[in-house]
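There are two complexes below, and they share chain A, which is joined by chain B in the first and by chain C in the second.
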Partner chain A sequence: MKYVDEFRDPEKARMLVAEINTITEQLGITQQRPLQLMEFCGGHTHTIFRYGIEQMLPKAIELIHGPGCPVCVLPMGRVDDCVTLAERPNVIFTTFGDAMRVPGSKKSLLQAKADGADIRMVYSPLDALNLARKHQEKEVIFFALGFETTMPSTALTVLQAEQDNINNFSLFCNHITTVPTIKAILDSPDMKIDGFLAPGHVSMVVGARPFDFVAETYEKPIVVTGFEPLDILQSIWMLLKQLSEKRHDVENQYARIVPENGNEPAMDALTKVFELREFFEWRGLGSIDHSGVKMRDAYAAYDAEQKFTVPNLKIADPKSCQCGEVLKGVIRPWECKVFGTQCNPETPMGALMVSTEGACAAYYNFGNLNELLQKKEAVNA
Partner chain B sequence: MCLGIPGQIVEITDVTKKLAMVDVSGVKRQVNIACIVNKEHSVASCVGDWVLVHVGFAMSRIDAEEAKKTLDLLIELGEAQAEIMAMQTSAMQ
Partner chain C sequence: MSSQTTINLRQRSGKCNADTITMAHGSGGKAMRDLIDDVFVSTFDNPELNKLEDQARFELNTLSALGDRLAMTTDSYVVDPLFFPGGDIGKLAVTGTVNDLAVGGAKPLYLTCAMIIEEGMSVDDLRTIAASMRQTADLAGVKIVTGDTKVVPRGAADKLFINTAGVGIIPAGINIGTDRALAGDVVVINGYIGDHGAAIVDARGDMALQNTIETDCQPLNSLITAMLEVCSDIHCMRDATRGGIATVLNEFAQSSNVCIRLKETAIPMRDEVRGMCEILGLDPLYLANEGKVVAIIPAHAADKVIEVMRAHPDGRYSTIIAEVTEKPEARVILSTLFGGERIVDMLVGEQLPRIC
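What follows is the complex of A and B.
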């Protein structure tokens, strides 16, 4: 328990860990058939590693790090599309900083920028819109990515562009949705998740109700969770409590931020601008029905995909990458053949090594690297 | 991108566009407050409120004490510095 003293309330953390241990024993869960709990969100993954939460838990509890890191699950073909858009003459391509280093099949946005493309990092889509105001002779494209947490911001920016009659601004829309993805995980034959930590800030937008199906149809417990280490411990305890009482409900641990019904103005904006795609391609997971959104026809003028031509090619991940298996919890990050050697945060091959929220980067940065590499050799021997 | 950062609304800068100046750990930044304005909270009444800011949008009201705790945690995680740096260096030219 080497990190527990860093907690805001170490005493409460110790109590929760003790409770978690007791219930795990009472439930008779063993390391041979561990309890698998998935934290969907990359923000949670980051906190779990930063505070060594896995090491505090009984060995019979395994945390599966889900696909909730938007940068990590971006397929290579979409990065290539970004590069194509960015290299068009007369274009200013704008993006959140996180996306700069994601490898495409030929280059990343960072390399495209070094090669001369006008690519600018922005903090907010509003900054991209301001660029469009200032450079009316240029086409300003914003790379819209993220789950429901960031969807309202891009939707509201488009609505603002429309109101102000700004015609040289568009989104390259790569937003993805949480609920269909959790459903796909639950339907996947090689996954056996016993409970979920639901993403806190997605829920801040959509509310807790969209997760009802997890409890009702799939009969799994799910807890909407905040991002502090204590939030995560408390949610794991709440999941165990449900399991020991043979319940499967949607519970909200993060009520201080998440209203039961979500944020109405945010939902209004995103449903006005976006509609579900039939399917969307994920790096590592393949195609998932309804797991992305596109812009409605009414906003076609602000849709870079309709305004310009994008290659939209499907590019397979490098063969040696096992991001998909890691995302599904079939193998642990360090079991991947290229983990920590050919694939590392400096020269990432797989998407999970790119962002600090990716499971592989988290293991690389916060795990005991030498020990992990030895374990990897043993597994792959 | 997903964690957001707490800040305090110090001034309304554009009532129709619902824009306000937010103070995030001493750094001032204009944000959109459309998502926290409703029947009970008019635009003007938002001054002084603590909010969670995601990519330039106030997405949720939080109490002052909670805001401080969250900010401390984000500094510990190294997230706050990155977020504030992104705010300050965002391409606007």
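What follows is the complex of A and C.
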């Protein structure tokens, strides 16, 4: 398949892995003190597991799977709010597919649907707007979710609704931002990460410049990375190259998609509709300042949170859950106390087990579970 | 015997003149009889059915001449939409049950057909579906010999649900079981994976994709007969329907306590299906098929089996996709086209499209 197979060429992969091996040896990194590289984005985590990239890398390189899966980091309280909105009479609640399964404190959207709420899966916010056009007697609420990648399409949908004078459409806004979250990870005292793969599709919108602080203030190398397996390998190689040359720069591996300064019309749309929240609650990481956006007052008519009341209760993560430590690379997923036992994809306790893009779910689904559980026992013994 | 039995039908032969199904068509009265006569009996038309007794009757001697075991299966069909590229619920209801018999090595013979119809369903659509069932039954060499019709109020069902049960005969000497895979065996499939699942996603129209994917829905009994003729010792065989080939292979690996090593580059897949999976973030290994047989056979028989499969119209793209090894037990492992490896597990819940 054109434009896909070129980025999955096993021969090129072998060449890159050989280069990665050479630099790793030159750097003198060992399995005892491995090099930790974090891919922030859940899309990267998915590629890494789908193609088995971890096993191709030298053992001295450890990939830390970051919090960039918007479905995983959604706190239970917000899911409860979704259920409350969805269960209102005369509401059609629309959502992306993988948000359906996220557990709230009482139920997921999937369960609420089974209990009778009119919840529909859509592929784009524009599908939700079309439903609002078709069902003028009902309120159509779109569960707006995701990082800067999905924000422009939500913002443009609101602008479209305004232009077309559609009044039975609103957003339940749960968009979150990348930069404050990376900063929160970098600020945490137990953080040991040596370099970052920056999210490619977020960067397509915001550009590469917002990551300058990682290189300048925190002196860590960072590479904006694409989502094909060769993209990931090449970016790892670029990070190693920076480390071996004792540099810490922002580099753009995904230049075929990511313009240095981002996408201006997209940025205009999202700044027009959204503004930063003072703080936003993350599953696994807790509250992070300025890490979420809400709708500006000018668009209050399209804001489900202002149009209707939601309980907005804070529900604490289960105590035994160690997602925060996994996210920061302090422990590996299988070293968590509840991994694979109380916490599994059928009954996820923590953020990272919720979606297949979460690190724990990925290990559970794609890793050798028995082997991991043995390793876990060995660590805890 | 058969020449006499058709007369009964001709004597009854009611006509259904309604455009849509109403509750009256399920009431047990004349409207129901007319519907059954006009839409189902006249379409399925065979001696066993036409007697219109409460049960179909078979000569045991005739059955036992075909083999030494009776095989029986049932399945319900609830697809939305009822008509999709390359097929419809009727075709599906016959092939699904025929295939469930055939993968056990049985020669499928007779099917039942129970219809649960939502009030308001178009009678023309029902006729089209019945005709499709007859056509598929003829193709598979089976007869629909008994049935049932129920009508439920609007909203109590989604247009039409069909249940078919089937019986067939397993010839002596054939022993297919999910627990029989051995290290050294190979896994064969009769062509492209995921066509049915992709065609259904496409037909629902949610994605507004321009596509040409058709369901692979087809009876597999003729192909399987050809396979058994050159290799009566097929170890395991299933049709990979819901849950895709990943689910079937996991069932084999777990029941036989072996490892199945899949090669991603060997798995036949259409570019259109791959493209759709890439866009939606779906894994084609879990996409439904309705005309794909996955069989585990001894390696020494592989060449012969693949040869007869490829010579058959339903198996033109047959190929070996995996081999069986001892360890790690009860696992399916995929060698990715990129050179890595990953475990292919059973799916938890439904496959949902990814957000970004």
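We take it that the second predicted complex is superposed on the first by the 373 of 381 C-alpha atoms of A that agree within 3 Å, B and C clash if a C-alpha of one lies under 4 Å from a C-alpha of the other, contacts with A are read in each partner's own complex, and residues count from 1 in each chain.
Rule of thumb we're sticking to: contacts are C-beta pairs under 8 Å (C-beta built on N, C-alpha and C of every residue); 3 or more make two chains touch, one makes a residue touch a chain.
This structure is a prediction, so every number in the text was calculated from the model and none was measured.
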For A:263, using the defined touch cut-off, is the partner it touches chain B, chain C, both, or neither? Pick first, second, both or neither.
first
Which holds for A:225: it touches chain B only (first), chain C only (second), both, or neither?
neither
So, does A:45 touch the first partner chain B, the second partner chain C, both, or neither?
neither
May I ask you to decide whether A:24 touches chain B, chain C, both, or neither, giving the answer as first, second, both or neither?
neither
State whether A:8 touches chain B only (first), chain C only (second), both chains, or neither.
both
First (chain B), second (chain C), both or neither touched by A:322:
neither
Regarding the shared-chain residue A:253, is it in contact with chain B (first), chain C (second), both, or neither?
neither
Partner chain(s) touched by A:123 [first = chain B, second = chain C, both, neither]
both
Touching A:178, do we find chain B (first), chain C (second), both, or neither?
neither
On chain A, the footprints of chain B and chain C overlap at residues 8, 43, 46, 50, 70, 96-98, 121-123, 127, 146-147, 149-150, 201, 357
Can you name the residues of chain C that touch chain A in the complex?
206-207, 271, 274-275, 278, 280-281, 328, 331, 336-343, 345, 348-349, 352-356
For the chain A and chain C complex, residues of the former touching the latter:
1, 4, 8, 10, 13-14, 43, 46, 49-56, 70-71, 96-101, 110, 121-123, 127, 145-147, 149-150, 201, 229, 345-346, 355-357, 365-370
In the complex formed with chain A, which residues of chain B make contact?
1-4, 17, 29-32, 34-38, 52, 54-57, 59-60, 62, 66, 69-70, 72-73, 76-77, 86-87, 89-93
What part of chain A is in contact with chain B in the complex they form?
6, 8, 41-43, 46-47, 50, 70, 94, 96-98, 120-127, 130-131, 134, 146-147, 149-150, 152-153, 156, 160, 199, 201, 204-205, 227-228, 256-257, 263-266, 269, 357
